[in-house]
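Letters A, B, C and D mark the chains in the order given here, with residues in each chain numbered from 1 onward.
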Amino acid sequence: MREHKPEKGWKSKVHEIIYEADTPIGKWFDLLLFLLIIISVLLVMLESVKWIDAKYHRTLFVLEWIVTVLFTIEYIARIVCIKKPFKYIFSFYGIIDFLSTIPLYLSYIFAGSQVLLAIRAFRLLRVFRILKLVRFLGEASQLRRALKASRAKITVFLFAVLILSVILGTLMYLVEGDEAGFTSIPTSIYWTIVTLTTVGYGDIAPITPQGQLIATIIMLVGYGVIAVPTGIVTVEFGRQGQGKPKQPDGNNHFVHVNTQSCPTCAKEGHRDDADFCYKCGGKL
Amino acid sequence: MREHKPEKGWKSKVHEIIYEADTPIGKWFDLLLFLLIIISVLLVMLESVKWIDAKYHRTLFVLEWIVTVLFTIEYIARIVCIKKPFKYIFSFYGIIDFLSTIPLYLSYIFAGSQVLLAIRAFRLLRVFRILKLVRFLGEASQLRRALKASRAKITVFLFAVLILSVILGTLMYLVEGDEAGFTSIPTSIYWTIVTLTTVGYGDIAPITPQGQLIATIIMLVGYGVIAVPTGIVTVEFGRQGQGKPKQPDGNNHFVHVNTQSCPTCAKEGHRDDADFCYKCGGKL
Amino acid sequence: MREHKPEKGWKSKVHEIIYEADTPIGKWFDLLLFLLIIISVLLVMLESVKWIDAKYHRTLFVLEWIVTVLFTIEYIARIVCIKKPFKYIFSFYGIIDFLSTIPLYLSYIFAGSQVLLAIRAFRLLRVFRILKLVRFLGEASQLRRALKASRAKITVFLFAVLILSVILGTLMYLVEGDEAGFTSIPTSIYWTIVTLTTVGYGDIAPITPQGQLIATIIMLVGYGVIAVPTGIVTVEFGRQGQGKPKQPDGNNHFVHVNTQSCPTCAKEGHRDDADFCYKCGGKL
Amino acid sequence: MREHKPEKGWKSKVHEIIYEADTPIGKWFDLLLFLLIIISVLLVMLESVKWIDAKYHRTLFVLEWIVTVLFTIEYIARIVCIKKPFKYIFSFYGIIDFLSTIPLYLSYIFAGSQVLLAIRAFRLLRVFRILKLVRFLGEASQLRRALKASRAKITVFLFAVLILSVILGTLMYLVEGDEAGFTSIPTSIYWTIVTLTTVGYGDIAPITPQGQLIATIIMLVGYGVIAVPTGIVTVEFGRQGQGKPKQPDGNNHFVHVNTQSCPTCAKEGHRDDADFCYKCGGKL
């Protein structure tokens, strides 16, 4: 019942718009931010294409400045309207927001710092936050839980694959020579992983009969090996699906959480009936 | 009991032949159309092979005209015998039928419009309609339902893969130079998806040690990532299979529908016991 | 209780040795045949390697003659000792046995007919027959049943993949030019299947931005597509495994069949308690 | 209650440190050995990179000697403190430890024997032993059991894939010529496996239309084929997961075993309540 709270300053209002998506304006802000991030990423992409940059350099430059100014306003607003600004500044998103905003300013001090613009791609992760409503309503959440549950098995598996790759890569380095592209053991290990994962670029490929024989064995092993993560994830999905309808208990995965974020520490994922932040204890 | 209806004009008869597959003539028409479509697609294919086109140009040209004339007759017949011709003309199949028929005529007005012939490949989709009896009898329908049920999960998954590709592609663009083929960020993203999906053309491949290291990580991530859609679809299949024999209820997937199509609006998939079209209400 | 039958001619004895694996001599014969087939295939392989053929031509030629003579003896023995020789001669294995034996003789009449030697690779299929005991005892049989049960679904799926490939291949032919290797529609379709199945040779690869965009979409579609057969087979395996221990009923998959083959028509897979051939009714 | 045993010589103490991980010193020893193995493998890798070897040859050489001396001490200690040294010397790990230690000494007798250093990669397998605590506590053990249970099926499957590859490879050798890279039947078989496993290097690729047609069929077959091991492993995983909580019986997979190893024969995996080695009967 936020609407009944009487004492709302402008900071609180801005906070509600920027950090939350419960109100219509908050939703519009999120949509605008979503579009702005997409545009900013597209700009970086287009600038990297040589002939586009040569032809439309001025246009791209102007658009780049508009995006940067809007990002700057957003960044300052985010800092101003939160109670504990340092929590935001040194959070993962805070750092990415800062690094996405700064490059154009820096380019006047250090030449070539526009390379940092590429960090903006990370802002796309915010899209997941913007679409958070979807996230908590099922699919993505189920995906995440299945991957989380099979994390331990996948780690053990990746570890085994790495050791196998080192052994097989070293073997291939000894069997094949420089001629075929196996110039060093690290390169050989790279080739082994390219083969085991069935990517198979072909930039390096065995040319001796014995090398091709070992490669064949690696591929057939890879056959069995690729089945393992699939098996793990599939079984985990099957369990998630079975577990959900049977046990709609009060564990936090199934409690409905809203998009409101704490005005003190910006933590999200509060229960609908929460009065205090579950993280810092600040009033919501 | 359509056979007992006395007042059948020739339009109604032609309609029954073209749009339906209940009568022997209707089945023969469908079979002929099926063969004609296959032949028309083969013709376009053969014309695209340079040495075949050079050698048998005249034969191919004559066959092309025969197919075009037959398609024209079919197209006109389809328009004439239906009660609401515009419904057909502006339907998906109507537009494809038109675009498959017109190119040869157009080539006398605009040079090079024979390129449109390739649109004929889309007519192959009609094969699914021709084989519609099969479709409603089990396998394909089960396939479609499983894919439909996992659509939401796969969308979220593809979205995550795209964002991951943008981030990793940008990273590779910065790490690798033009020399290895990473000439722009879009190209880098293309390469990342080629690698993540384990396609691995090898037209672009990292050559620096750090680039190869990141590529290795991308491939191992791809290992886990490729397991996700497989897991989703497998679990969904398992459910479809279990659900079917247990709940043979009256939902529309299991009601037997016939191949008859509405003489008014050409809509298909009517129940065996239907007397009126479920879409436009016209008498069947 | 074949041992108690008094009236056994030499033909019957030879038949028992060649066509069956119940007696010790029969097992030895099978083992020898197994080795001979492996050697004959290895010979064909080695002859195809240029430098080996150049160096050891005489040795290979002599060994080739020994294998051919032994195959000839086996082939004649198989015909002589069976009651209905034509059933064998025109059976799948009979034709392969004949084509595996004849090339060396033919090479004196027609030059180059040694190419037929390669047909010998098909004799490897006999290995499955030789190891038939294993086959009926579980694993392979379970594999076969799972694949058989999912045959219909996989056919529908392959059909859909083919139509999709024709449409996407035609599209890529129009978008990319000859320069990138998309020289004709069939070649484009070949490339599309190479991409959809994540093989990705890289002999043909898109070079225009729009081509790379479509390729990216094809790959992401392929992601979902590759999940389908895996899902089908996995679910089928799961069912096979569950079904087996629960219903050890008298269906023919679980009745123990022996390796004895009918002396009249060479049909195999008779029940242990069979007195007559289930195919031709001849006495066993 | 090993701590109460009074008669512990220095050999017994060293044995406890080297072969076991129950005591704090034993754990430190394992950690140090772990790091030393990683360093030794990294050294071999770096030496194989030409420019690093050219620049830092002296440093690498000194580090190589330090690692070799430490490995020598460890090897001698392992032999001295065990009661039956030959059991260790001729065990798998004993031979690898010896071959990992000897190359540098040998290089003064035989030039080029430093190649043997690569054998050190196999010492990485010891990492699994060092992390053995983890192994018996769940994930890896479950992975191993699932793979073990599906071993028979996978063997039959690989056998079928190999025969299929020989037949298809021979076919491709006949269809495609030397020009496309199909220079011999073994090379063709290599290509077939590269294609069936969807690795697809592209170093060899069909160029004739009929070759591309067969390749397309091989790829579509590979589609179904790759689903088989995935199906097997997934079903097996599903069973492992279901079986575990239901039957927590006394079979040896679930009895807790510790990291203690027999002082007589170095066998590991004893039950917590064991007093005698389950292998040689020696007192623990």
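As a working rule, a residue touches a chain if its C-beta (ideal position, glycine included) is under 8 Å from a C-beta of that chain, and two chains touch if they have at least 3 such contacts.
Model, not experiment: these values are computed from the prediction.
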Relative to chain D, chain with the most remote C-alpha centre: B
Pair sharing more residue contacts (C-beta pairs) when A-B is set against A-C: A-B
Rounded Å distance between chain A and chain B, as computed from the means of their C-alpha atoms: 33
Distance between the centres, which are taken as Cα means, of chain C and chain A, whole angstrom: 47
Contacts with 2+ other chains: residues of chain A: 186, 189, 198-202, 226, 230, 232, 234, 238
In the complex, chain A residues that touch chain C: 198-202, 230, 234
Touching residues on chain B, where the partner in the complex is chain C: 41, 44-45, 48-50, 115, 118, 121-122, 124-125, 127-128, 134, 138-140, 142-143, 146-147, 154, 158, 161, 186-187, 189-190, 193-194, 197-203, 226, 229-230, 232-234, 236-238, 241
Sites on chain D touched by chain C in the complex: 152-153, 155-157, 160, 163, 166-167, 170-171, 173-174, 183-186, 189, 195, 198-202, 205, 209, 212-213, 215-216, 219-220, 222-224, 226-228, 230-232, 234-235, 238-239
